[in-house]
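Presented sequentially are two complexes of chain A, the first with chain B as partner and the second with chain C.
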Partner chain A sequence: MLTTFQSVTKNHLQDRLFKVLRDVMSSPSGAIGVSLVFFHLVLAVISPFIVPFDYREISSLLMLQGPSFEHWFGNDHLGRDIFSRTLLGGREAILITGIATPIAVIWGSFIGIFFGLVGGRIDEFAMRIVDAFLSLPWILKMLVLIVTFGTGMGVLIPTLAFFYGIPVIRIARAATHDVVARDFISAAKARGHGRIAIIRHELLPNVLDTLMVEGAMRWSWMLLAFSSLSFLGFGASPPTPDWGLMIADARGFMSFAPWGVLAPVVFLSSLIIGINLTADALAKALGIDRIQKAPV
Partner chain B sequence: MLSMLLRRLLLGLVTVVLVSIIIFTGVEILPGDACTAFLEREAQGKLLENCRRDLDLNRPALERYVDWASGAVVGDLGVSVNGQESIAELVGNRMNNSLLLAFCALLVGVPLAIFLGVITALWRDKPIDLFFSTVAIFAMTIPEFVSSTVLILVFSVWLGWLPGIVLTSANASAVEFFPEIILPVIVVAMVMTAHILRMVRTSVIDVLASDYVRMATLKGVPYWQVVFRHVLPNALLPAINVVALTIAWLLGGVVVIEVVFNYPGLGRMMIDSISDRDLPVVQAIALILATVYVSVNLTADLLTMIANPRLRTLHMRK
Partner chain C sequence: MGNKSLIEIRDLSIGFSNLAKQLLPILRNIDLTIEAGETVGLVGESGSGKSTLALAMMGYLGNPLKVLTGSTSFRNQSTFDLSARELEQIRGGELALIPQNAGQALTPTQRIGRQISESLKLHSKVSEVDRPARVLELLTQVRLPDPTTLVDRYPHELSGGQQQRVAVAMALAGEPDALLLDEPTTGLDVTTQAHVLELLRDLAKETGTAMVYVSHDLGAIARVCDRVVVMYAGEIVLDGSVRQVLLKPVHPYARSLLASIPKLREASLPAALDGRPPAAGDVGKGCAFVERCKMAEDRCALERPLLQFTKAGERVRCHLFEKVEKLAASGPGSAVDRSLISHATEVLALDNIAISYTTRGLWDQILGRQPNDTPTVDDISIVIHKGETIGLVGESGSGKSTILKAIAGLIPTRNGRIIYNGNELLKASVDQRSNDQLRRIQLIFQNPDDSLNPRQTVAEILAQPLRLYFGLSNQELHDRSVEILERVRLGGHYLDRLPSQLSGGEKQRVAVARAFIAEPELVLCDEVTSALDVSVQAAVLELLNRLQREFGTTYIFVSHDLAVVRALADRVALLYQGRLCEIGPAADVYSLPSHPYTEVLLGAVLEPDPDSVPVLSADDIVELSPMPVGCAFQRRCPRRVGDICETKTPPWQQVDDEHLIRCHIPHIELRELQMGRAN
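== the complex of A and B ==
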């Protein structure tokens, strides 16, 4: 009895996932977005095996050479192959933000749902603290921690996960508030279900849509933050190939070697746009109107 | 109405106080203090003691917090470790420059955003809408340092029309920043326009679908009269809040743009003081930016309330 019930819900979930994916892919912008994200994810996995040159290989002969048959995107100020570096340049960013995003969404959601359920004075006060955190510019919060603790992955992931989880608290809380007032929650309470059961079976499925869209947006903002930090010299550290870092390095030679800037610009932009298009299409497919906010 | 106003003001004040506590405890909790951060490896013996004495770091934290916070209220933000100057003076000029940048960007961005937002909503899903909506997504999502770099490459390196970097000193007058300020203004305005445009578009589309607009149309009110009399006044209200959010973003988030263009604003000063580990300056800038953020949002809420009578009672019920 129990097993059949479980398999039914599982199938239902699978059906629903397929339907959402189909809806996302059916709009042109969604299809473009998903393909871009897919391309970058595949590239991040396979790039170490397909790059034609070693990303650290310095050559004085090739310094600032333009695109050629051998070096497709040209060479940078140290004579390194820009094509290889560009292909590899998203790996660290995708890895760090790929780990930090789920952490941020999960801890933010838990706290948000908790305060949404508790309500009252405690909730009011907690939201004031959230507001206070949000009123500080993200770059200041992050830089202070990074300057104190260093720039390694062990610092960047917790820092990003912590600060980008705070806005999720608000979203999760608001979504919870919307759901809690509905009749099926009262019905579950009347049936005598426990708190945990209500959260698992009634609340989470209804809040999940919002959180999924939120997660996609968080990812794009986190990528933006990470590459901005790299650009400013506080993210990835040389000689790691990273788009933000590459753009910062190549900027000084822009007037006579613009190819050094263009390749990472195109790759970084296409990934971020891909994520955003996907998030938009996802929101539309799930029936959530996503009002654009400034990336706080 | 008045009690609501007071409530909002009080909430804003509470947020600012909480921010100051967060900033202060943040600096306290982090390893090291202003002196060890500033002196780095030389932080030992007499040098460290003197520095701590100069900055009064030997007193209990609570006492120092009260001193710092009460000083900040009357505009005394303390002195920087680096150079021992008054922070209020240091920040003043930079603040003006940031405000100049923000003001120019708003002047260009807001009217453009509202105009384009209304156009894209009225011609929804037509080529003109698709075009501007796509451009908006690009402008919004591409990192600021990328768009700045591309604009510098095109307009100053290839075409040679505009200077790509700001060389004017921090305490120059507003006029001296032209034409160097044009490219930074374009970048800031671009991001801002995109955000406001999307918001205006959504809200105009919402109002167009409302019952009273259909009613007016069915009654035979001419299309443009419906648009100007019924749709726009109701649709533009939510835009106030987005404008506020973007202004708040402008003051803190333009850090990267200021660095790229070497613009002597508050954001670049923040990065510099963080790199120099000048913690008193960092604290001061954080407090200023947070206060601006809170007050801009507060102003937007109040404006919306004044412009929209419905909200006054709605909020009360909450």
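== the complex of A and C ==
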């Protein structure tokens, strides 16, 4: 019954993962959050196959119709089926932010850990640059890039990933600072391990929890940002069904056809609330006190 | 009120439910009465429930805890039945708490005067006009110098001892009937601890306040308490007068606990207590101590002993107390074998080392200029021979850990050389040292919670040095890890545990194993036992001594505890403010003549003996930075001879072959002065 080192490690990781998952699901808010996120992810995959109507189908007869037995959420100003469009409306947002979030977290962590380790004046100087970026309103700096380079996935993903990686730098740097001061890092240094080995074996496993929670939070902010860009006309382009775009389209008729705004708003909020609840439950299960932050 | 007891605890059990909905008791059937004016010590190792009991006296339970049976009352009011408002009246007023870390208990943004007058406002009838005068009175009562300027200071401007005194003053503001002190001197330096305890002792006499000390330190308890209550696994196991408990304990646990404390006057390893206390809810139907008890009989495992009275009036929870009573006092521990020291072989020589924490500015670096401030550590020259243990002793801020880090290559030295094996010059930084040089010097840290990566299993922790130094993998790696774990008495089944699944002593054993797996020649021990309970400390000291004999290792043992160093060290070096004061064979350093600083330190040590009286010959406030000229100890020295102490660095005087003292007073004169004090 010899256990090799690799298997021992893997078992512990699995055990921990199971335990965290169980802890997340055992809190009511965590269970609700995970179910909401799961619901939206499944919907994003299967919605093209289950929608009752074509999202492009225009009908002058059905313009601004209220909810009916046939069209559950009513119809928009072009007579398109809001139910079908709402089900489909999260696909592009989830796809773009789903790619941009990991990129943001990875590059932000990389830079943050680097400066956290280097410390001293270089770190101080770099953080002032980060502060400068953070002090600008997010929508402004993103619009500058999008207006310059145009919309589309090829521009949106790098833009979102870049700007949403900046707050991650701060988080990763702070987490690194906490760990670097501890004796097991000094012990590894005194033994003579190289920098890369110390980062891989000693530092990363201890900051990963914080980065995971931060990643979940970044995702929810990024979704909101993407929908806002669509609302302003810089995100998804018509006729793609997108929640932000749908809200923008239906806004003018809100006083007499509120269903056009209501359906995408409910779906978008439920996804963001779901992610937030999950992140909070995850932070609790991992034992991190997440500091509530204002949008940046 | 008359002869009513102040605090009465009847059959109190406190516990919590775990995730599996099992009820786990933390305190079990506590019966305790505290009379007005009494000073009682609650003693036990970590996890024994002593702090929970003290807080329960104030009617406070931490979040998951609940009362299972019984009650506590303060002046006949049942504490747990009182409303929050009624409790507020009692707490801080009639029943005050002095927390362990006063520095954290004081509000950092409020001046001292305001904090104390706030307690006066809440808990006394002193009118607003009279409050400032009363604040000054309180500060004088706790013997703080210059109270009028002190009221305008912020907590961070005070030393640890002064902060603790302010906390005492705040507690006294409400003129309490009882003071609860939770480890009041843990974390303070020996001299500061002795001063604070003397103050508390005098206050108890002056004010007639009942005091309940929660402490793991029997030396402190011996000095300040009339009565001692020993706790184990949530139970009271022994309750008697301080003389009874410390001089002739009738419970086997108390006996072993006392035997595990290193004594200042004995150069021997204390006897360790094997095993660990049962976890909450893990106690069988018998005696909680049965598994670790050397005297246990069949009955002990089956039947829980009751708390019964001895003829001398103590209460003891043991079936066999009459047998224990007849045992002779435990003899001295095992002597340390010194035969392995080879004086001919030099392992490490520190040659005129100086270390400074000030970083040079960019301009100075370019020009190669040295900063001309006083270095934190200066003029350290020590030669260490193969197989010996050298103790570095000093108060916090004495630079003892700094020197260790410099030897390990973690802090650069400003001046001086570190010479290895008589001829190799060690580079200042780890990056410049060879793999083999690194392997031969290993470091063990103070707190294993901090020095073991919480995300790595024991297997991964031990694999790091093996891969780095020997390039081992798989089977060989596994075999070597199992072997070293057996050497530190843990065994191969510990490989897949995480640090959080180990007890404090087990963690430190893993840390020791990680150092020894590299097959080092020199092991640097940085306060390796000060985060551990005394019985665990004894076991770790025994382990270090055994490994030294097996591997022929050399130790540099840094500690603030003179008794621990006495137990293990062959030679002792005393440091004050980063300067050596005295160095020599342990037996010589602990006897006369001593450097005045050694004299002050030795005088302040508290022993678990009610008859030992500390000698407080100097104040307890350490300078913030070392003196630029003259003797490092000039300001606090009780034997100052005059201006020469402030202007000239004292010369090294040779008392004996290897015993050196750095003082202006000739050593013969010093001995006479100190002998006179002793008589």
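One rule holds in what follows: the second predicted complex is superposed on the first by the 293 of 296 C-alpha atoms of A that agree within 3 Å, B and C clash if a C-alpha of one lies under 4 Å from a C-alpha of the other, contacts with A are read in each partner's own complex, and residues count from 1 in each chain.
By definition in this document, a contact is a pair of C-beta atoms (placed from the backbone, for glycine too) under 8 Å apart; a residue touches a chain by one contact, two chains touch by 3 or more.
Everything numeric here is computed off the predicted structure, so don't read it as measured data.
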Exercise. If you stack the two complexes on chain A, which partner ends up touching A:G244: first (chain B), second (chain C), both, or neither?
Worked result: first
For this session: Using the superposition on chain A described above, determine whether A:D131 touches chain B (first), chain C (second), both, or neither.
Result: first
Exercise. Is A:L224 in contact with chain B, with chain C, with both, or with neither (first, second, both, neither)?
Worked result: first
For this session: Go through the superposed model and pick first if A:R182 touches only chain B, second if only chain C, both, or neither.
Result: second
Problem set entry | First, second, both or neither for A:R200, with chain B first and chain C second | neither
Exercise. Now for A:R191: first (chain B), second (chain C), both, or neither, which partner does it touch?
Worked result: second
For this session: Tell me which of chain B and chain C touches more residues of chain A.
Result: B
Exercise. Which partner does A:I273 reach: the first (chain B), the second (chain C), both, or neither?
Worked result: first
Exercise. Thinking of the overlay built on chain A, is A:K19 touched by chain B (first), by chain C (second), by both, or by neither?
Worked result: neither
Problem set entry | Intersection of the chain A residues that touch chain B with those that touch chain C | none
For this session: State the interface residues of chain A toward chain B in the complex, per the touch definition above.
Result: 128-129, 131-133, 135-140, 143-145, 147-148, 220, 224, 227-228, 231-232, 244, 247-248, 251, 254-255, 258, 261, 265, 268-269, 272-273, 276-277, 280, 289, 291-296
Exercise. Which of the residues in chain C end up touching chain A in this complex?
Worked result: 405, 408-410, 430, 433, 435, 438-439, 442-443, 445-447, 450-457, 459-460, 463-465, 468, 474-475, 477-478, 495-496, 498, 514, 518
Exercise. Of all residues in chain A, which touch chain C in the complex?
Worked result: 2-5, 8-9, 11-12, 182-184, 186-193, 201-202, 205-206
Seminar exercise, completed: chain B contacts chain A in the complex at 11, 14-15, 18-19, 22-23, 26-27, 30-32, 37, 137-138, 140-146, 149-150, 152-153, 157, 195, 198-199, 202, 242, 245-246, 248-249, 251-253, 255-256, 259, 267, 270-271, 274-275, 277, 282, 285-286, 289-290, 293-294
